[in-house]
Each structure stands twice: as C-alpha cells, then as structure tokens.
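So that we are looking at the same thing, I have put the structure below in structure tokens.
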C-alpha cells in the first residue's frame, strides 16, 4: 500500500505529545503519572512498529514479539538490580539470597556495566530471533503454522522464566529499582526525561521503519507478503529477507522493552504470556496493519483504553475491548487508520479511488 | 486535498484535547471533588483483580472490603467522613497493578489501599507505595521475608500457619507423621514456604530422604504422574502431603488423589491455600477428612463471627453478587474485612488520615475481629492472631480440630531460615540484623 | 498360654461387664467428666468387642437410633441414605422387617457429639481400633501402622482382624504384617526364608519396606538379610514395570483429552481456514452446561444423588455449545472466510466476551460432582488402578473419533464438507451450498468442543477461563498432525500425550512441557506441514 505522506499527521502527533502533554504537566494540569503512563505506551508503540514490519509488511505473524520485549526489559532490570545491590553493599540481589544461592550466576556478571547491559539487551534478542528465524524460515513454515509455533515458543519461554531455577526471579520477576545511571527513578524530572526519550526513540524508530518500507528492501518484503512463491521465482533469497526483518522486529521489541522497564518499575514473565503476546498483535490489527501510523496509533489507543476502562468500568471492560476487537476486524479491516482514511475520503470534495491491495 | 484536510485540523485538535481531558478526568475530578466535598468523604483504593486468573479469589475480597465500608458508613463514617471506595481492576496483570497503584496514590489521592493477593502483585506495587508514601493493607497469608513500611500485613506470616501445621502433623494427636511430601505451584510463596518447612522438619530430626519437594506450573491440570509418586511414597503409611497448590489446580489434584485409591486416612493433605471460598462449589466428596491450616474458619462459634457470616451472606444476596446467600467467608475475606476496620480505628485514634499518623496509631492496636481479639504487633506491621487447623466436612466447612493457645506473634523473618534478621519499625529502620 | 487364658477368663468376663457399664455411661453421661472417664477406661481395656464403638467415636460417626448406638457406612447409598450397623455388644448390619438392609438418612438419626478432647484419648490405640473399621482404606493403614507385633496380645488381635478381613488389599497388607512378625521371631534360616518368600508372594504395598527393614536390622544372620534385600529389589522392579503401564495409561488419557478438544478445532480450521481462538470457550460452555444440568437435577428436580444428570449433560453440552458456535458463525465468522489471521483476532475478542459473560453469570470457581459410577477406579492388578473417569474419557474419545470419521467419510454431508475444504469456489459451482455446509461444520466443531468440556468436568474444575488452559495445546495438536486431517489429529494427540507423560517421569512437569514444545519445533523442521500434509495441487496456495 502506498502511504500518503501527509505532514499533518506528524505535526499533530508531535504537537500533542512533545508539546501539549509536557506543557500540561509543567503547568500542573496533568499529573506525573499521566506522563509516565504515556511514556509506557510509547514503548509499546515501538514494539508495535516491529510487529507491523514483520506482519503488516512481510505477512509473517510472529507471536514471540512479547518474548523479545521481555528480553530487553529483563536485561535492563538485571543491570538496575545489580546497581542497587552493589549500592546497598550486598553481593547478591535479595531474591537470590533468599533462594540460598551463594554466588552471582555467570550470566548476571556482564550486567554490572551499563554499556554491556545495553549491548546485551540488543544482542540477545537479535541472536534469539536469528536462530528461531533461521530454523523456521528455512523449513518454510509460514502462515498459521508460524503463528502457532512462535506462540508455543513464547509459552515455553514463559514457563522457563517462571521457574526459580532460572535465577531471574520466577513469577515475581525483577522489581524494586532505585536509580538509573545515578538518577533516582522516583523523581518527577527523571520520569519526564524518560518520557521524552521514549518519544524521541519512537519518532526515530518510526522514521527508520518508514525508510525501510519505502526502500527496495521494503518493496521485496511486501512482495513476499503478496506472493512469496512468485518473488522466490524471481531469484530473491526469501529466507534472507525474512530473517533480516525478523531480527529488526525483534530489536525494535527489545528497545521498547528496555525503555519500558524504568518507567514501569517491574518486569515479570506475565508480560509474555499468551494473553500478552496476542494483545501485542491486536494493537497493530486495530491500528491498521501494513500502515506504520496505524501501528503506533493502535498501540497507543488500545493501551489507553485498557487503562481507562479498567478504572472506569472494572466489571465490564472486557466486553468493551472484546466488542472493539470483533467490530474492528469485521467492519474496518484496515483498522483505525483505514477508518480515518475512509472518513477523510467521504468528506473530501475530490474523491478518488485508492488502488486496493491484494492479499 | 490538503486544503480539505487543513480544514479538519481544528476538529482533530479538539478531539485530541477531549481525549486527554478524559484521560485526566480522574485527576481533575479528584481535585474538584476534594475541594467541594472534602468535609464529607475520604477516599480509599480497592486494588483487587476482577478479571483474569486471580479473579477467582480476589473478587470475594473486593466484596468484603465493600461490605466493611458500607457498615462503617452506615455508622457515620470515620472521623465524621464517609468512606468513598475507588475500585479499579488490575486484571491479574502485574504491570497494571503498578500502574493502578500509581493512579490511586497520585491521581486519586487515596488515604489507604486495600488490595493484592499474589506475592508478585504485592512486589509490583511495593516500590510505588514506598516512593509515594502510601499505605497498603494486604490480607493474604504470605511468604514473609519482607518488612515494608508501607504495607500492613493482615495475613499470616509463615510461623502463623506453616509451622503449627507441621508441628500438629508430627504430634501424637495429629497422627505422628514421619514422611512429608511438599507439593506446590511454582511461585514464590510455595517455594519459600517449603524452604521454611523443610528447615523445620530437618531440625526436628526428619531424615532428608523422607521429605520430597515438587512444583507444578500454574493451572496444572494433570496430576496422574505426581499422584503415582505420592502413592509409592505413602505405601508404608506415616506419610502426609503439605500442599501449597494454588487455585484451579486443586480440583484435579484432589480428584486424581481419590481416584487412585488414596484417602485422608492413608495420606492426609494439609493445604495452605484451600479455604472455604475455594471449597464453596467444589465437589467436596473427595476432600472430606483432609486438613487445612489458617487463622480463621467460618465455623468458629464466636458471636462476632456469627454476625459477620450472616452479614456477609445478606450483603452478597442484597447486592445480587454471584452466589448470593450461599457465599461463605474464609481467612483472606476475614482479614480483608478486618483490615478496613483496623484502618478506621487507627484513623480515629490518630485523629487524622495522614499515612504516617495512621501507621503510628496502628502499632499495638487491637480489634475484636470475627476471629476474636487480634492485635497489631507493637514493632512491625503484622498482625498477631490465633492459628487454627481444620478438617474438611462434606458441606465445604471446616471442623476446627486444633487451635493455638492465645495469639501467635508474627515473625516476618523466619528464625529457621533467617536467624539473624528481624523486622522492627519502632526501634530500628525496618529489617535489622539481630545480635 | 492356655493357663494364661484360663486365668484371664474370669477377668475377661468381668471386663465385659464393665465394658457394658462404660458404654451405657458414655451414651447417656450424667456429666462430661463421666463420659471422659468412660472412654478412657474403654480405651485402656482393649476389648475387641468394644472396638466398633470406639471407632465410631474416633470417626465421629456415632449415632443413636431408638437409644441404641449405631454407626453408618462411610459413603451413602444412591439416594443419600446410609446403611446402619449396631455397635455394642454385637456389630451387625441392621435390617428392616423384610430382611433388607435398613436405609436411613442422617437426619433420622440422633448424633452423639463427643468432644475432641475425649476422642484424643483414643489416638494411642487408633491403629488397633482401625483394624476393625468398616472402611477398607483405614484397615490397610491400620495394618501398616501396627506396632509391637511381637507382643502376643497385639498379635492375637491382628489375627482376629485378619480372620474377618473381607477386602483383598487389606488382607494382603495384614498378612504381610503377620508374616513379618513371624519372620522376626523365626529361629532358622529356612523358616525365615520361607516367610520372606511368603511376603514376596503376598506382595502388599508395604512389602518392600518390611523386607528392607528386616534386612537392615540383620536379625537372624547375614544370609537372610541379603535374601530379604534381594526380594525387596525384585518386588520394586515388578512395581516399576507396572508403573510403566500406569504411565502408558496416563499418556493415553492425556492424549485422548487433547484429541477430543482438537477434533472440532481441526475440522473447523480445515474447512474454513478459521483459527478459532474461542474454541476453548466452547469447551467452557460445555462444562457450564454440565454444571447447570447438575444444578437443575439437584435443585429443581430434587434428585440429589443421581448419575442421570451426566447422561443428560452429554448431549446437552454438545447441542448448546454447537448452537453457540452456529450463532458465532452467523454473526462473525461468516465474514472472515479465508482470512485466517483476521479470524484469529476476531475470535480472540469473542473469547474475551464469552469469558467475562461466564464470570458475571456464574461467579468464579465451580465444579461438577463426579457421578458415582465414574468415581474410583478399576483395579487391574493389586498395584495398578485405572481411574474410571479417565477410562470413560478414552471411550468417549474413541466414540467421537468414530462418529467424526463416519460423518466425514461416510455421509453426504461429509462429502460436501471435504469438497468445500478442498476448493470452496468449485464446490459452490457444483451446487453445494457452501454457507450451509460451513454453518453445520461450525455447529459440529463447536459441539465437539462442548462435549470435551463436559468430559473435562470429570477431572478438572469449571472456571470461566478454563478454555485458555487448553487452547495452545490443542492448536499444537492440530498443527503437528496436519491441518484438517483426522488421522493426523489422532496421531499427534496421542503422540503428544505419551511424550508428555514419558518426559514427565524423567523431568519435572514444567520441563516436560518445555521439552515437548522444543521437540515439536524440531519435528516441524522435518515435516513443516504436519504429520499428514496435503498432497498435490491443493497443498500450494
């Protein structure tokens, strides 16, 4: 699908989130909680961009993005926890001491350094994505099989992370952090800074994805989505392309996870259970897949609704979200973005037909 | 095209502003209502999952808190103010617990929060409460090893539930059991509970090979293999199971246990996570004769309790909640209910809703709960209360077969596993090293 | 010995008299302390004739019927009534005037409440008492707990108990204890060996422990100790091989549950290309139908103790879940044919709605009472019990597989379904009403899920989100088997079932599950389209 490059969306988006919201907070209209809640939504939106790349543009439904997201979060969490432990004069994080472990497990060691932590947060998900992708794409698993296998994989990882023997905190996950690079996480200005960083990273990620989708590489991805066999007859190495985009999507998820952690203050395996991994795909579906703006919008809107509804309608929010999913899929199969476009067309005097894409 | 779109810009901006005002309406509303009605109401937060996996247990606690609030309000409220509960649904989503806690404390400015069931949800909100000077009343038995200034633990510490149960089973009266199968769901409470139990059993001279520890995942449904292991373990008698199996795994577990020919006579199960509310609609035929250890049973015959049980049934029937007057009370329900009263009494005593004043007023405070007179520890935030062991009856109630003499003092740090630590907020700063 | 008995005789008669006095005191005590004393005395006397009475006290099953002490069976008969036994001086089944057992509900009896403090006086002799319990399980336990079998009085009580033992398991356990007692008092190697052999032949659950203990004690000489140890090892080896059968059965049972769930999923997916995430919720609907049927039978019809409800629930759960599936197809799925990934999202939304509806309607934890007929197990051999409920599920699965096979391959409808599965447009051209076929398929698929839900109430509980527990597993079965393939579903269901159980006996349950997932991933390398892939042109989309 050709994305119409209308600057208005961007102006609006930046105006609201980079100016209106921080201004609202600084003038005292909005609480710092609202700021960090939206900061968290941005992290989801970053991961959603990755999902849109792999699903919307390449047609591979990967249900293990939640796992990559968690890998990023866990990496940063391990670093923060070690910093806190060292600052408190202890050798081991609390939960390990309770589990009667005497020495810090080897894989925790590199997380003492912030640089190494950042590197590993990106390297490990990339490595996982490469191995999983290599195994799955090589054997030409696609479509529904791909979705179910990756879901099963996430389930397996979830089970492993739940174990206490993994030394990652079990069900309780990792929580209770003090500082990030010496800044106190509980201070309002740090929260605002994290919000702004998340926003900047989201913008950067968006333009990165935008460049990808408009490059030749992106065109090949869309060709794979529309007809994998034809593009492979044209001597494109489909596996390599898929693998590359899978790794990129995993990296985006991991980056989202890394920014998510300091703003939430906890990471547990619950972030990658079946529910969480389906929900991540749902954001993109609701926003409009195959459309980067849609992915961002979907992630922001669904999470916003989730937060609002669980507070305002604690007994019936599941109905609201459930009906929303069903109705979106039934009537607006291009998601909110599709809806916006069609409204726009209805009101615009110069109606013209957009070329329909074939799936 | 662009012109048309530019025309819509004001509309879109308006829409966006509306969106944010709705997002922030909670905060806005809180502000306005504070100034208008501050004289009449005081807000408390209720943070129990109403959907998702934990809803099974937590919905009843929401009901108990609501009932206590209604009762206090009917009697004229606290310090002349009506209590206004702010109920949110953290949906068994641990990240959402932290988010909702922030919302309750920062946006809604509640005076106290009643909530959480699982350890992970408590751990998730703990930093939020500590950073924002909140007060959480946590009503469920837990694994200890924690001593936060922001949490009032009305549930049991390990020594108020686990140790008396093991002691009872080893005693002549309890059956003099010599072999213990520690079976639990794989998360932090069973893990820590079994660690303490194991240390205790070893200290009592039970040989290592007579203690087996095993864990199953959440929602495990298929207990065939484990029950055959138990059967073999219990073949020569004198064996019992200490079960920390959680939630919906219990039914398949007990059913399989009975179907493979085991019974409470051959190998009793002492459960630490099965209470009346879970038994309400279970097929109790398989469970009769098995044991459970808690601090409260619905069957205790104190007049306070008789009234509490009748009131709770009437409350559920009146509000049209599922179950209606067939609802039962149990240990966490009792402590969730008592928690609200403890907070109200402390606020009255302090003459203020200020968190630190309420907290100070809570030390050593006693309250005639449905479980008899209970007393807050004078030095930390736990509750001293009796320990009871009950035997499951066919109607899903418990026959109380053992009761501690008087109140059992809480020990958040078990002397068995952390002999060097104690929790004291009066003379020390929380957890300190004992000499 | 004889002298001793003769001397004891007058004493015994006197004791008998005092027993009657204490019994009377106990039943109609002038005050609490008299009753406490009476129970204490009776416990001290240790007269077997009073044991049934003391057991009734210990088990809290002492009742009065016309001022006579009676007790009841541990389980009620079908209609909530109990068989009654007199207690003292004789212990017999009470009959009515026509010679049939007298059946009364508990409400017709007057309960004698003995406080726990009094009952505790019996704790010391509980094993002795329980030798005469009506409950075979308790007798088995009592035999294993019996101490001081070297004491001649205890031994004679043991023999007396064994003489009237009716349960095979209990007799075996009792005999082993008796043999063990004799083994310890054996004076020659040959006699000891004979007893060791007897224990081995008899082979109760307790036998290896008895032999091990003897071997450890090294009572007579090294040779008998070694002999006993060897015998214990061979018994355990035999036990292990029986365990393997048990494991095999467990795998079969797990596999058949997976098949039962995946059957409907597989048909629906194959036909319509729909990933039905709400499939688990149809299972939940089936389970709640069963629950409602039970409530209807017990409360509305007022027949509490009956297995009828389950019989009624089987077709009902199929029909209701099927009807819900049909409605879902009409409202939602119809618009999503051939859009598998969209269907995944829409049905996920539907499942959220269904779960919350169930939560609001039924509250949370509920469970269905297992029918009497299906509780307990079939004792194949002394050490191998196969639970009836699992056997029932296996049989039900078998029936459903046959039903599905006949439906798909031996009926006109099946022909149409297979035609639509292969090529929707072509079938429509040939005059098949594809929409009707699709609705019917959805009805049957959801109905099968409902039936699976009904069956699962036998082993698990009924909660709103029970479907989510099984959904990923059942998808794995479908994917591993090859989509829309009956044989594939059966093979992969059984395969995953067995494999899980085998790995569970080596690892803990969690790692078993992880292992199976990794295995499936590797398997898909080798067969990316499942066990039974489509062949020919249909395979390429």
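Labels for the chains are A, B and C, by order of writing; each one numbers its residues from 1.
Assume a residue touches a chain if its C-beta (ideal position, glycine included) is under 8 Å from a C-beta of that chain, and two chains touch if they have at least 3 such contacts.
Since we're looking at a predicted model, the values are computed, not measured.
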Intersection of contact partners for chain B and chain C: A
Pair of chains joined by more contacts [C-beta pairs], A-C or A-B: A-B
Closest chain to the centre of mass proxy, which here is the mean CA position: B
Whole-Å gap between the CA centroids of chain A and chain B: 33
Inter-chain centre distance, chain A versus chain C - centres from mean C-alpha coordinates, in Å: 45
Multi-chain contact sites of chain C, meaning residues that touch two or more partners: 356, 360, 510, 513
Contacts with two or more other chains, residues of chain A listed in rising order: 159, 162-163, 275, 315, 318
Numbers and ranges of chain B residues touching at least 2 other chains: 51-52, 186, 217
Chain B residues touching chain C - in the complex, by the definition given at the top: 51-53, 55-57, 59, 172-173, 186, 214-217, 219-222, 224-226, 228, 232, 235-238, 248, 250-252, 255-256, 258-261, 263, 265-266, 277-278, 280-283, 285-286, 321-323, 399, 401
Chain B contact footprint on chain A (complex, rising order): 6, 8, 12, 15-16, 20-21, 24, 29-34, 36-37, 40, 95, 98-100, 159, 162-164, 170-173, 175-177, 186, 264-266, 268, 270-271, 275, 304, 306-308, 310-311, 314-315, 317-318, 344, 347-350
List of chain A residues in touch with chain C within their complex: 55, 61, 135-136, 138-141, 143-145, 147-149, 151-153, 155-156, 159-160, 162-163, 229, 274-275, 278, 281-282, 285, 315-316, 318-319, 321-326, 328-330, 333, 359
Touch list for chain C against partner chain B, complex: 60, 116, 120, 123-124, 130, 135, 137-138, 140-141, 144-145, 205-206, 208-210, 239, 243, 246-247, 250, 253-254, 356, 359-370, 375-377, 379, 385, 387-390, 458-461, 463, 465-466, 469, 501, 504-505, 508-510, 513
Parts of chain C lying in touch with chain A, wherever the complex brings them together: 269, 275, 277, 332, 335-336, 339-346, 348-353, 355-357, 360, 468, 471-472, 475-476, 478-479, 483, 510, 513-514, 517-518, 520-521, 524-526, 528-529, 540
